[in-house]
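By written order: A, B, C, D, E and F. Residues from 1 in each chain.
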């Protein structure tokens, strides 16, 4: 890694890692990676690596937390101590708790929770390697694991990050770009079918014009990523799909 | 604030802040300050500021903590991080836990808890600004909030602090006096009607004679303060009182 | 205490503290030392001092932890802050938790737990003074306390430590020997009647030959110590034994 | 915060009916914000304080400005810390115990709105490079929760910080100590006054600055922080509902339009006291 | 400590009947204290220890004297720390887990009785001003609880400290380390021997030094610490009952009268061993 | 780990029947170990990593090598730290929350197997005596639990450490900092490759390297660590059952005989990638 190289675009408009302005890092999806889980998935997004497991619907304990109208998704986003340049304390921090909350809410919109009142659906995601964009990497894995577990879903949750670095709008910031002085990071998750945004966070200054422009980029990316998710699930359930 | 001024009485016998030997700081009582609480109160005592809220009687959770013979008062005395010269760690410390215990016991004597078996009455008091005497400031607020919540009470809990500084017995020590080398602080709470002491703590040396003398000062102060409490409750329930 | 004296055997083959190669430190057993416990015992083993108390069989709380087929032994091995050369943090550490687990498992083998389904048998052991060998000192005390509580047992749990220091196999390492560069510590607990090993741990290198040799020493010691345990229990229940 | 409370079920139904008829129970327009008032620096042990009311929502914010060691990465920068306690005092649905995910989200969103604005110059919080920097702690208590804690806390924190005084210090080569009870003639400078705007969605309608019953009736939340140069500096979408892309664009545009109105309200309330 | 235990309900009723007839189950007078005995310094890893019995109540107190940094406010003063574990070993009503309010109150009252006496000169616990001071840790375990843990723990802590030896140290300009296993010929000096006296009220009678069943029958507790110059140095009223002002005056007067008797008991027990 | 799981009750019964007929469900011999494979250093933020599979049991081990201060007792020695999270991800019987006694035992046994081998020279982990040493953190996650986590974690930790690179540092008189992203050409040296061998007892039969259902059918566990010079370096007997002295002697002898086989498996798997 070259340190302190504060440039973000070369003369040909290529980014630090050679990507084009709205080019995403390579994404690699895998479903069914943990035998004992009800559903599981593994996602690589550039250097980011996330494993997700789903257990449930199962009994909610303690019982007084159960919702009589629907299942409750409990989402645990955790970073392995070795997943970041400095060793992370294994105890979950406030950042992990916040990300778990908004990610669980995003998934809740997608799943048909009303079919399983009083139960819990536990979603565990561990980040093994991190380089900007882990919450979305995690959420893609979680969404695939949920589908793998056979939980009925209105739509898959798809997502990406967009933002800005070195004066230009870009897709899918790397850590290098996230550390730019003018960096804006805008993770977003959608249900592409219905054009619904189920997760959005943003750090750093954007004008309205920039925001509206980058939002359209994100919308398009989410659709593309969803196609990749569908493809991998189809392979997983090949027999079922063929059987139809 | 003038530092390290180690005097406690001037030539006219006035104290550092101009008060007479047994003169208390101004007290300001207000009832019904938190809309969503069952009862609430705000007390200023000199610089001390306490807000109290009462919730209950309500279901005791966890259930095995419930007392089948009466309601249980749970008292939470807490100091805001910004309420003291040094920032206080937001986590409750051992001092706060001890004060909560003896204050809750004091209130329990006053309230007709037998009328509400198996329930909890939760009393939350937060100190916003502190200058010696906060546990009694808190207890006055709690007692008013309990009355405001309509909990039947044998008597209002009233209280004050007495003690010694600069060689003389005094009422209502300020922080400056509490830091005197010979300081004695004696917080006391009473049910004035029945002359019952429900809270008493003391730090620092007193002779029996001094103790007996200062106790009578405290007894008188408690009665006076109770009159103030009654007055503010009467105003709060003006219509009810008039209606009788 | 003489510091840094790195010898383990003198010219006559005596150890640092004057003991012979397979000689144990003096052991002193006492049963029935805590009035309010269902059973209790006190064991001194050299400088080691352990007090054990047993409560139960009693209701298991929380209930969902109860085993419908048998009683559950919960073992709490704790070191007093003043029991070691440096002050120990009063909060139980990972070492104490591991020792509690394997010791509780050892006791579980001895006790007729099937007679008391759904209950808990709580075993509390506190080390007051420590000088190598506390887990076995604790387990002897716990075993006696269990018998004192009248819990039916297949056999008493007896135990000892064996190992190596200064190049030779030895019994019952002292702290001085435990700190030897080639130290091996092998705590072991048995049900001597049935020749069953219920606890064994080991740190440090041994050859198979050494291991087999020292194991026989341990087997013999366990039998001897069990005789001491039986003796003290007989005295405790003299009338019962005589009555037979 | 979308709070699910049984006691609000009936009221929430009423809210929905009114909203369906394009009305709010409070008679406010969908995009109107409530009145703001405050009492500044009434807490004497705090280095700054603000007792803040937004409609009937009431926040107490206290500031302590302490000396700290800088992070090795940023040896000449101080920082801020935002803590919000959802005291069980102010709302029966809040528990005792350590901060839960609800209060963590709230604290972090308020923190980001203030921090990402870059309106504080961290270097101005440096006392001595590599050795001593200022750490500005803002602790907040909810005294009454009538909805929209996000915006209320952010405004309260901003007002409290802008009026907080720096303690006087004694600085030597190796030590730096606060002179208790004495202050410098200097406050925390915030150059671009970031303001948070929180919207909720009730059925398919979007309203600004929800009250508690409106939150109970809603299923999605959107918060956006805007600075005085009309930049968006932080966003948080919350709760289990969703927004369409076009709804989000509308929200942003409304928030930008509302900035000046709310900023003026806030500045006026600040001047009064 | 007023412990509510079902198993003591019947006994508590008997206590009340006896008390009503001005008798105690133990045949003691209302204001008599129990016998004291102790074993000193039998725990070799402790810098001082006291296995203390007060009637059938039994406490193990261990002292560790460690090197610490002084507080900036008091650069030339050491301190003490009192920790009492209500071990579930000695009483089925005590739980495992971190100290609860009962053990916190107990520890803090014992701490105040010792600390507020000013019988220890904190400056004598200074090793090197601004750098190193002694911290005297007294940790106690209840080995048997037959009532009046307040007084028993306070006496045990006092006896243990008065007989604890200071470790030998090696001191350089910047370092201070304990030489393990070696001691100075110096103990913790307590000049005025504060003693705690705890009373409980059963119906309208007041008794000194309650046993466990008497505590179960009582509804109010009063503890007062007295020094050898007959000054009161600490008070704690506990439990849900109350005392009249005149009852409190009586209690104080009785405690003062009992000081010499109990002090002699304690000193005699200390000498024996 | 002997896990009592209802879902495994039926399978456990089948295991017992097979075992009684001297067969294993997996067709393995009683003393055969499963296949080993691994992917090394695929995690880029770790200083070393090993995704390890032992049959269907799968472990992810990540190494971070950090600068730390040495203990005063050993000013020229570094150390290792082994942390194993029984993530609820991989097994529905694992909980969230802090490590429980099961994961503490597992971590400590793996730690002892590695540490007591004395195969790492702690002095080689010294950067500057009295000031800076290396601390090697190995954190492991269970990705799939098909039994014998003890051996799988120990093998994974060993492989991860042996392939972990030391970060490049900048060292001055008083400071030592890691140069992020750059490495020395140096790995953690382990001279004697300690391997753990875990047996369980099912009725009166003893088998090596149990699968999960075999653990469910068993009632006693025995783990022994062996080094390449055929020394035993650590033992842990676990679970509520027992072993006869002679059974233990047999186990030791079998483990010693199996060392070379398993060591070769492990080294081969290490080379492949």
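As a working rule, a residue touches a chain if its C-beta (ideal position, glycine included) is under 8 Å from a C-beta of that chain, and two chains touch if they have at least 3 such contacts.
The structure presented is a predicted model; accordingly, all values stated were derived computationally and were not measured.
How short can a chain-to-chain path be from subunit B to subunit F, counted in steps between touching chains?
Graph distance in the chain contact network comes out at 3.
Considering only mean CA positions as chain centres, point out the chain farthest from subunit B.
Farthest from subunit B by mean C-alpha position: F.
Can you work out the whole-Å distance between the CA centroids of subunit D and subunit E?
Their C-alpha centroids are separated by 48 Å.
What is the distance, in whole Å, between the centres of subunit C and subunit E, each centre taken as the mean of its C-alpha atoms?
32
Taking each chain's centre as the mean of its CA atoms, how far is subunit C from subunit D in angstrom?
58
Any idea how many Å lie between the Cα centroids of subunit B and subunit E?
28
Give me the residue numbers in subunit B that touch at least two other chains, ranges are fine.
As it turns out, subunit B has no residue touching two or more other chains.
Please set out, as single numbers or ranges, the residues of subunit D touching at least two other chains.
none
What graph shape do the protein chains here make by touch: line, ring, star, complete or other?
If you draw each chain as a dot and join those that touch, you get a single closed ring.
Name the chains in ring order, counting from subunit B in the direction that reaches subunit D next.
Read cyclically, starting with subunit B and passing subunit D second, the order is B, D, A, F, C, E.
Show me the residue ranges of subunit F that touch subunit C in the complex, using the header's touch definition.
Checking each residue of subunit F against subunit C gives 99, 101-102, 104-105, 107-108, 112, 116-118, 222, 227, 230-245, 248-249, 252-253, 256.
Going by the contact rule at the top, pick out the subunit D residues touching subunit B in the complex.
Listed in rising order, the residues are 43-47, 49, 56, 60, 62-64, 66, 83, 85, 87-92, 96, 98, 137, 139, 141, 143-146, 179-182.
For subunit C, which residues are in contact with subunit E within the complex?
Of all residues in subunit C, those touching subunit E are 1, 3, 33-37, 47, 49, 51, 53, 55, 58, 76, 80-85, 87, 90-91, 122, 124, 126, 128-131.
Inside the complex, what are the residues of subunit C that reach subunit F?
94-95, 97-98, 100-102, 105, 108-109, 186, 191, 194-208, 211-212, 215-216, 219
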